[in-house]
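Before anything else, here is the set of structures, which you'll find just below.
In what comes next, subunit A is part of two complexes: it sits with subunit B in the first one and with subunit C in the second one.
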Partner chain A sequence: MSRAAQVSGSIRRRLIGQLVLGSAVLAAVLVLLVINLARNVAQDTQDSILMASVTSILDTMTVRDGEISVDLPYAALSMLGNVSEDRVFYRILADGQLLTGYDDLPDPGAPGREGGYVTAPYAETEIRMATAERRLSVGGTPIMVTVSVAQTRQGLMQTLAQVSRVGGAVGVGFFVLAALLAVLTTQSGLRPLRDLAGAVSRRGPKDLRPVKGPVPQEMAPLVTSLNSFIDRLRYSLSRSEDFIAEAAHRVRTPLFTVRTQAEIALRRVERPENRAAIKEMIRALDESSRAAGQLLDHAMVTFRTDHLEKEKVRLDELAEELVDRLRPVADLRDIGLSTQSAGNPVVQGDAVLIENALRNVLDNAIKYSATDSDVAMRIGQQGGQSFIEVRDHAGGFPEGALHRMTERFARGDNAGGTVGSGLGLTIAREVLEAHGGRLTLENKGDGACVTLWFPAS
Partner chain B sequence: MRHAVVPGLVIAFWTLFASALHAYEIEGELRVGDAAADTHLRIISTTDIDLFEPLLAAFVAANPEIAIDYVVASSAEVMKAVQSGDRFDLALSSAMDLQTKLSNDGYTQPYSSAATDLVPDWGNWRDHLFAFSQETVTLVISPAAFEGLEIPQTRQDLIRLLRDHEDRFRGRIGTYDISQSGAGYLFATQDARASESYWRLSEVMGNLGTRFFCCTSEMIEKVATGEIAMAYNVLGSYAAARTDLAYGIRIVELQDYTIMMLRTAAILRDAPNPEAAGLFIDHLIRAAWGAGERDYYPFPRFPAPEGAVSATRRPIRLGPGLLVYLDGLKRRAFLSEWRDAMRW
Partner chain C sequence: MRFLLVEDSMTLASAVLDRLRLDGHVVDHAPDVEQARAYASAADYDLILLDIMLPDGDGRDFLKSHRLARNETPVIVLTARSAVSDRVSVLDLGADDYITKPFDFSELEARCRAVLRRRGGGASTVQRFGDITFDPLAGTLCVDDRRVSLRNKELRLLEIFLSAPDRIFSKPKLVDRLFSYDEDVSDNAIEVYVGRLRKHLAGSDVEIVTVRGMGYRISRA
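Coming up: the complex of A and B.
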């Protein structure tokens, strides 16, 4: 019946994938930014301390007795020890000649007025060196003094490694959180779609009402199209039902005329082979007329279930009335009809429809029963549900065909010469489903047992 | 490669001594443990053999596969020995400045273990230098010479006392000749950093004709005999160890501040047996900082100062600051100022 949709990709997977990918890119950018920022800050910090050290040395340089004097301040080097445990090197030059310190420190380049920084390999590792110059006048001769202070970069690297670790952890945390949010957001974003699918697929087979629940803006076009599709479907369905009903109605009247004429003819005909032919004709006419009647019934049932009007219906009274009406037919074939009622089962429903359903079931039972047998009806309540059970002794439904007996135009293999259209049980089932109940078929003993279940009112 | 990290002056010395059999002078030598042991741990140290032997013996007893060749030299010679390229495993020295310079110039290698975590932060520089003793720098006096006088508790007290009794103390004050003694130079420079009263005290001492000595032991002996009345800036641990002189000396920790010197140990960069050296460092640190006293540990144990700032006992801080007074210009300037003050 329902064909599985052709699936190509998944909005959910695609959304989650794109969001997670986006989070990963964002997290990576964040980590890189943090590490880069930390690198700059750490480098600036080291530079400013180195320059402070250089300046403090330069400030003690004076000319005394025609000689350049340096009083290396204790703090100039000890302050470097306060921030990290790095190795420290320094050099003081006067016009390029070593005054004191480590002579083989790398060339500072041109430090300029503000002082300069270089990173260079030294002492089997890498150092950061700050250098500044000042002009001193010794006996009228200007002499350029150059002070460099350098430090290894181990502390800096340790700080960076630590920042990178923390940054990495933050990045991973951010990513995990963002991915989690992506999944949740996708789930909640797609919920209306799921809800709509659920609402549509939960519907009964006859439910062709438009979708009315509120949907998000983005889904409005879909729902509008769906509703207009449902409208067209309903219109087209009702057109064909109308057509069938009209056709059945138009066929039934001429059929009745032909049957009357055939019966008159039967009385006049003497030859046995002619009588047999006419009898066969009458039987075929009966079958056609009954089929037309059931088609009409079915159209009526369809119409009424679409506009179901509910009122209180007493099942036992309804059954009694029906039995009274059917008794003449049953008596013709010496079939006994009995009803047995327990409790006071009342249901909400359309009495005409329920009667029609029960009549179809009883008709079947009587039709298939042998002469001189019984059809028993039991009315009662079980588990909050009301039921009418109809049992016969006509041999039951063919095994293996129980599940499809209520489909339209399906007839049991044993239908044989019995007049019928195959719509009876379909009508009964549709009526019960319209009332929220169900129809169960089973074989019990030597006959069929059909039960009409109504929901608790 | 080593040239790269040695200042110009030292390079000259280094090339001069490299050809010599021993580029440095030693004061004593001792082998502890089995001569046929797998590993010979070579230690060069400033600590006297008699003081250190029990600790060495305890190490060898615990690690019988290791024998120790223990060489004693002055702090300057320890420095020279390391720079000469003679391959020692460990350098143990009381000269914190020289040890710092060795480490700063790349002669040492880092080490860390569970034991090194016992060392307080201020006793560990870069995981290269580990302090294994805390020794107070004290005033040692002769009780006889101070008879009838109040024992000074601060440097101010001491200055006042010396001014008030110039005759009693003239020519009877001793201190290090800091131009010869590395330890004396370190104490003097740290003193000068700690307080201005050091220079006033120096001038007072200079006025009274202070005598200068090379070593702690000589000063302590002279105090004990009463030849001098007091010795300033003497290692308290050495004085306390001289139980034979206990009758004639008294150790005074000045209350305005008392400098604490830390002996430090470092594994040398070219150590032939770095693993064994690490074991020895652990052994030293456990004895110095671990829980419980070891009878072979020769130095007094002090509770690690919590609030070092307010404490009277101030450990000399390891770090690049110590390099400042090793600078040639700075040293020359300090010595000249000191000589001026001491009238030497």
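Coming up: the complex of A and C.
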């Protein structure tokens, strides 16, 4: 019955995908920001130490006896050297002429009053250099002194690498956490949808009440249209039940009229050939009304099994009632009906359907039995299963064709002139199968033994 | 027996009336629920035969009001619906039994008998002939102080004979009434049941006489 819809994409996968991608981008941006910030902070620190050294050198420069004297404050420089393995260089120029230090340090450009910084390759590595100027008056002439202090950047690079590692780890951690959250959020966000699907598919098939339970606002339109669909379904179901009933009425009433008139005619007619003809007519009428009845019953049974509605059914009570109904018919042919029940055979099922299945089986037992015989019914439990067994003394099913007898329209050679359509056992089997049970046919002794098996409930 | 038939289709109703009268029953016909109520309250019927698809009110309404009016007359519903499709069983609405159209009239008779037996009515149906007493409802035959229970076919056969004592019934006619049309029985099958009845009647002044080439009749010795 249930057919899967055509699937295109998954909300869950799409949501998770988008959320994970988003967190990946966020994590990358975060890592870049952290690294950049760290680089700036480290650079600023180095710069300010370098500039502090430059300023302290400039401060110690004095003019003595018309000469510029430099008193290198080793404390400042060694402070630089102590920080790391980095090497320190310096240079002091007076009006562009080297006073002391490394002459081949890169050109500082125009450092201005505030001082300036450059990063440049030097001595097979990279250095950071701070430079500042000051004007000194030597014998009345102003002389511009320029002091540069430089340091290699290994320490800085190491710090940066470390920061990057930590930053990367934090980024990955962030990403994993965010992805996990994305999955969880998606899961819980989709729960109302799953709950709704579950609630609808868990329902009994005849349960056509509207869906009620609280749903999130976004799902309200879905539930509304689902409910209106259920409404339409309920309407069309009741229509088809009525249709089948109406069809039965239309077919059976005229047949009944003709049959009754034929019975009357038979009473009045004397000549054997006329009587035979009328009997043949009645037989044909019975055949067609039986066929119509069984076809409609079969349609009804198929319809009901498709929408199986289960309730507690007591097999012994159901069987007793049915036997009471059939007894007048059995009496007509002096066939005794006996029932015997044991245990507490309660099953979950549709009582109308089960009754119809049993009726078809009992109907056969009565129909195929000779006058003056007995039909015995036994109701009980075996191995957790409940059963109704019907035994007769009617000679049994045709040997060899036994397994075929539950097929549609299958009739045995033993049916002879007995009216029937070959649907009785088909109906019974379909009812049992719809209930998760089975119908077994056997020949026992001088008759048939048909058993309706119901699963343990 | 006295029947009220509630049936909207005229052709069907007249056929059923003819058929029931053939068996010696008295039948009135009401074509709708309205008239059915009038008939039912005016006369005493043994049984009401109610068609369930009537133009005014589906016949179920009649059942309900019939029960509400505390009318004790049993009702047998004639239905064309299959039991599978009936969402509310007519038995729950107070019918005594139902029978699905089309049916054999011997089945209807059997059901009527069963309903009347259940209702405990029918003392009036006891028949006396010669020195035998026959109660078709209980299915018993009393000869002297001997009481025998008759099987169904014996009972119906005796009933047919007693409906017209001294009249000759041919074998084919008796077969018609005792067996259904799809039972492949020869006319001689009737001999078995005549034989059984004769055994039950032994010692009484009633006998079943074979009329050569014609059939049987029941007579007092």
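Criterion: the second predicted complex is superposed on the first by the 254 of 457 C-alpha atoms of A that agree within 3 Å, B and C clash if a C-alpha of one lies under 4 Å from a C-alpha of the other, contacts with A are read in each partner's own complex, and residues count from 1 in each chain.
Basically, a residue touches a chain if its C-beta (ideal position, glycine included) is under 8 Å from a C-beta of that chain, and two chains touch if they have at least 3 such contacts.
Since the structure is predicted, the reported quantities are computational estimates derived from the model, not experimental observations.
In the superposition on chain A, no contact is made by A:9 with either subunit B or subunit C.
In the superposition on chain A, A:66 makes contact with neither subunit B nor subunit C.
When the shared chain is aligned, subunit B comes close enough to touch A:75, but subunit C does not.
Contact with neither subunit B nor subunit C is seen for A:383 once the two complexes are overlaid on the shared chain.
In the superposition on chain A, A:102 contacts subunit B only, with no contact to subunit C.
Set side by side, subunit B and subunit C differ in how many residues of subunit A they touch, and the one touching more is C. Note: no residue of subunit A belongs to the subunit B contact set and to the subunit C contact set alike, using the contact criterion stated above. On the side of subunit A, the complex with subunit C involves touching residues 241, 244-245, 248-249, 251-253, 255-257, 259-261, 263-264, 266-267, 272, 275, 279, 282-283, 285-286, 289, 293, 296-297, 300-301, 304, 325, 327-329, 331-334, 352-353, 355-356, 359, 371-372, 416-419.
Remark: subunit A residues 69-78, 80-82, 85-89, 98-104, 122-124 touch subunit B in the complex. Remark: subunit B residues 1, 3-5, 7-8, 103-106, 125-126, 193, 317, 319-321, 323-325, 327-330, 333 touch subunit A in the complex. Looking at the complex, you find that subunit C touches subunit A at residues 9, 11-12, 15-16, 18-19, 22, 53, 80-87, 97, 100-107, 110-111, 113-114, 151-153, 172-173, 176, 180-184.
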